[in-house]
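Below is one structure, written out as structure tokens; comments come after it.
Chain lettering (A, B, C and D) follows the sequence in which the chains are written, and residue indices restart at 1 in each chain.
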Amino acid sequence: MNPNIVPIVMPKWGLSMSEGKLTGWLKPVGAGVVVGDEIIEVETDKIVNVVESSAAGTLRRIIGENGKVYPVKALIGVIAPDDVPEAEIDAFVADYATPASEDKSSDEAAPRYEFVDTAFGRLRYAKRGEGDNVILLIHGFGGDLDNWLFNIEALSAAGTVYALDLPGHGQSDKVVSEPSLNWLASAVVAFMDAVGVQAAHLVGHSMGGAISMRAALDQPARVKSLTLIGSAGLGSEINGDYIEGFVGAASRRELKPLLEQLFDDPALVNRQLVDDVLKYKRIDGVEEALRAVAGGLFRDGRQTSVLAGELKASGAPVLIVWGESDRIIPAAHASTLGAAAKTEVLPGAGHMVQMEKAGRVNELVLDHVSD
Amino acid sequence: MSNNPFPLSSEDLMRAYRTMRTIRDFEERLHVEFAKGDIPGFVHLYAGEEACATGIMMHLTDIDRIASTHRGHGHCIAKGVDVHEMMAEIYGKATGSCRGKGGSMHIADLSKGMMGANGILGAGAPLICGAALASRFRGDRGVGITFFGDGAANQGTVLESMNLAAAWNLPVIFVVENNGYAESTSVEYATAVDSYVDRASGFGMPGVTVDGMDFFAVHEAAGEMIARARDGGGPALLECNVARFFGHFEGDAQTYKAKGENDYNRENRDCLKIFRDRVCDAGAATRHDFALIDLEVASLIDAAVISAKNAALPQARELLTDVYVAY
Amino acid sequence: MPPKVGVIANPISGRDIRRVIAKANSLQIADRANIVVRLLAGLAACGVEDVVMMPERGGLAGHALRQMAQSAVRGNARFPSVSFIEMPVTGTAADSRIAAKAMSAMDVGAIIVLGGDGTHRAVAAECGATPIAGVSTGTNNAFPEIREPTITGYATGLVASGAVPKEIGLKPNKWLEVRIDGGPAEIALVDVALVSQQNLGARALWRTETFRELYVAFADPQLIGMSAIAGLIEPVGRDERHGLMLRLAPASVAPLVVQAPIAPGLVEPIGVEQWRRLPAGQPIAPDLAAGSIALDGERELTFHSRQNVSIRLVENAFDTIDVAAVMRFAATKGLLRERNKACV
Amino acid sequence: MTRKISFKTAINEALDLEMTRDPSVIMLGEDIVGGCGAPGEADAWGGVLGVTKGLYAKHGNRLLDTPLSESAYIGAAIGAAACGMRPVAELMFIDFVGVCFDQIFNQAAKFRYMFGGKARTPVVIRTMVGAGFRAAAQHSQMLTPLFTQLPGLKVICPSNAYDAKGLLIQAIRDDDPVIFCEHKNLYSAECDVPAESYTIPFGEANVVREGKDVTIVSYGLTVHRALDAATTLAQKDRIEADVIDLRTLSPIDWDTVLESVEKTGRLVVVDEANPRCSIATDVAAYVAQHAFGALKAAPQMVTAPHTPVPFSPSLEDLYIPTADAVVAAVGKTIARAKAA
């Protein structure tokens, strides 16, 4: 088989994804593509997103039809250099067999998510990959481990990836007994203890970034590096209206415009994403937990803990990634650490930069954690 | 008041009289005012039956609940509902017990344990079973009293409620105010077995008939029943034989009554006279004491009527409010 | 002229507070009407064709008439014709008195009374020389005997028609008379109790701490009520010429305590200070200065310290039909047999 | 955490959680425990279809089996609610409402208004609705319109286990009388449901599928028929339907319906109730009045026929609105639009 022939397949975003709907071709047949070009748009039960090209060449075949649903890894199109003969392409397409859905294989029959009991309550997490190099993904305020939908799989190339639901979030227990960065950072360390991780690269998004910083400052031996994505803790500005609105929103109507602020492209916020957040928010105790955390960390529209100074002094290896059009925490905070960090501000991305520009973020993180 | 042979303190005797007098004057006055055409809709007057409501309610506090009937003014007053608010309600005014949205047949004050007069005959019986059940769950020793007439005693809801109360041993007293007429139809005609006490027997609960025009008879019998129910002794039925001095509703020509029946009852069976004579004869109070109360009540009713007439009507927006607690 | 018999069945009887403070039974209207029908059948069997009843609005007569009409439709009716006295109905015990007086005036041969002690007392007070036959509507009472009403109807018919002579069929009864300040006498057929409670309330007696004096015409240890207290101390027969009087006190302070069934299912310790026979004819003034007077277990009168109360046992006060004697006589004389001429 | 459980289990779980959380929650109903006073086991049934099974073991005499006497115990539940309890009464089948309607519509529904805002009656009446159970004319009706018509009542009819749990918890916490309709043919349907307590606010419809061509509005069991129809339409005709599950009929989420119709210009309402004065007519009339300009075709209604529910399976299957009928109704809105 010609190694230059590269399939475009239905991606697997997140543990629960088994199929996706092809909602648009972003390139015509015959178009030249480079790595990172957006090729197709896919809608899952979680989100709409684009699939970027992993190879350079020409879009030789368009196989997937707009509006149709395909299983994960199904062949959607083919990219190959111009010099590959048509017959070879046809043979490739004819021979392509969609790998059996991993969900159905025996080792995946176990629950998709796991739970572990800690002094901070029962915490849910996901785990992918293996090896001693551990990456721990920490979501932000009001988020959950599915915020790493487009990252977990890719990052597992570098080792073992854990993503957890913080206390009061996702499907973890809805108890935040002390709404402080210290308490939340202790919860993260307790989680590492519980799953037997001595030290990890912490990747934190938004509030999760501030928690990672706190953990690195409190327990430097447990933190190998920091990746701070659209992170809190680097300056005092934060979108207070968003925080307040998010805590109070009780209906789809109220929530949707808020969630749209998280993305550069508001069209990414589909019905299911809003529903999932609503379902979380309606659970008893969530509103109280969020209100407490918001009160503790983001009182009156200001961040109460700015750790930039301490972090700079600590000399920890830090990667900072930001979405240029972040409407929650200004992208200006990206430069707070100056030369003490690697910094990249991505255009065409908002606060959920790890979702909107997943490919680039994954590259940056992989590079950072394998240093 | 040196000699008081009654099982009520002197204060309570006077309180009972004041209550009965207030009910009587309230109703007599409505009779007059209604005829003038100032009162919307229709009213059912309780005059004549005062001893029944009062004799029972003297044993109750705000934790005890009552479910009343279409003829509910007497029950309301005896249970402590504010007379000014009642009068305003009957006039359909914003200052009424129900802000003018209920009217004569729906006066309620849950804070006083008055769960509402009721335009649906017999409908209070299941409600009061629920009130009694709530008291049992809360352990507050509250008792529920449901009033109904000889007519509503034939409603299935009442009979079903008796069964429920007996089966669950609820602290409920079923009070039949038997004035002999279901609207215009006689008990004899409408009721296969004319005794309401027999209904109680059918559900294995004690039933007692008393002269409902004799405050002391009602008071003592009700007291025993209520105490028994409060202690967990179960439900009971009290039939009070009473006479209503007016028609079923105001404007009723009462041609179904025997000639002279109202006059006979007013002359010989007036619970206020009977009460006053008995208390005075025993030397527990003087006619002067009663006269003072009569004056005081008369001015209360005067004031209530004047303020009700002068009170504001509900504002138009009230039409749409309070359908739900949360919209 | 064929005999006429009166029937007084007052639906208001048997509805008092003893259903709550004790376990007194409550004989339903339908059952009482059934008793009336059985009485009537017994009367008819002895040739009584006319029965006059007290009118009431409690459904008793209505129910009885309905039952008789239902039997008539099916062709198996044998009942006297029933008429009603013209009188206003008040729905109180006063109705019984008015009816008894009227029946006595119209010369009925006998009055059958259906009810408890209270109804019998009302009728006895007004029936004059007319004999009465009692049918108990329950076991809550002391005066009327428990008996199948058909047989009472038989016996009453036999006496009313003259088939059984009065010397055989009737027996005299005592009663107790109570007067306040020499006014008209109120009577009691079984007992007069004086209690310290000076109000009538729901009438029945159950607050034993208020019991002070008890006067009984007879005292049977097999019966319940106030007279049971006396019956357990010293029984006195209905035919004995004396009664009994007792001074009572709260059980906690009395020298003697009797566990007495003062109402159905209600057994209470009653303190007794002293007792003695009550001779007939002699007015007695009670010691209690003020209180109320219960006649046959129901508070009926109150009195205060400025009033004089007197109590007197009266012999041969009224006649009742001796059902046992009548039936024995009738059987012995063959009054209820006849030869079947077809078989001769 | 979230797992797949059935509609029936979701109801049971909601009741259990609320009884645990709030001591004023009590339950009354016929056979909700089952076997009370009988010689066999306690909790013999746990409801005639086992919905309340196991709750007696946890909550004991806070579950009261009642005499077969709806008027008395529904009334008692309402009375207890007016006195501060939060009773959940089970009216086994909604068809039984005939013998206790007075207590619901003349008492519970009116207390607050009639008493000038001084009363609150937080009672929930859970009741089974709907056809398809071969239960014939008196155990199969969809009487939701009857209650929706009455001010003072809230009327809920969930279509899935997730909604059932969240709406029932909301109903129990709500201070107004709620008629909670459970479609008996949905009892075994499973979906992802959090183990925790959660609430779904009343008056918020759920858009269960998004599309641009036609709006299909439904509730209860027929939401699934509407979804089946939408799938068929998308596959066969490339017609994309917005499918709206009303979830709560009173209050009703007009905004979501209107927004959708403004987008699609076409409306089909699917209602298992009889056609006259139904949810279908209500929605159609409201849309006609408030979004007439947006309509490209006359609104269509897919309902049961104007008959009692028949017994024979062959007839009953014709009674309940089918996906095919929905597809046909959508077809009419498209055809009309083209003709115009």
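Odds and ends about this structure:
What we mean here is this: a contact is a pair of C-beta atoms (placed from the backbone, for glycine too) under 8 Å apart; a residue touches a chain by one contact, two chains touch by 3 or more.
Computed from a prediction, not measured in an experiment: that's the story for all the values here.
In this assembly, the chain whose C-alpha centre lies farthest from chain C is A.
When every pair of chains is scored by its C-beta contact pairs, the maximum goes to B-D. Centre-to-centre separation of chain A and chain B, using mean CA positions: 70 Å. With each centre defined as the average position of its C-alpha atoms, the distance from chain A to chain D rounds to 38 Å. Rounded to whole angstrom, the centroid-to-centroid distance between chain A and chain C, based on C-alpha atoms, equals 97 Å.
Note: centroid distance chain C to chain D, computed from Cα atoms, is 65 Å.
If you draw each protein chain as a dot and join the dots that touch, you get a simple line with two loose ends. Here the chains touching each other pair up as A-D, B-C, B-D. Of all residues in chain C, only 11-12, 15-17, 19-21, 26, 28-30, 57-60, 62-63, 91-92, 197-203, 290-292, 302, 304 touch chain B in the complex they form.
Within the complex formed with chain A, the chain D residues making contact are 1-2, 162, 166, 194, 196-201, 204, 206-207, 210, 234, 238, 255. Residues 24, 26, 62, 64, 66-67, 69, 71-85, 87, 102-103, 106-107, 111-120, 151-152, 154, 174-176, 203, 251 of chain D touch chain B in their complex. Within the complex formed with chain D, the residues of chain A that make contact are 67, 113, 115, 122, 124, 171, 174, 250-253, 270-271, 275, 279, 282-285.
Put simply, chain B touches chain C in their complex at residues 3, 5-7, 180, 186-188, 191-195, 197-198, 200-202, 206-211, 214, 216-217, 219-221, 224-225, 228, 236, 239, 241, 278, 282-283.
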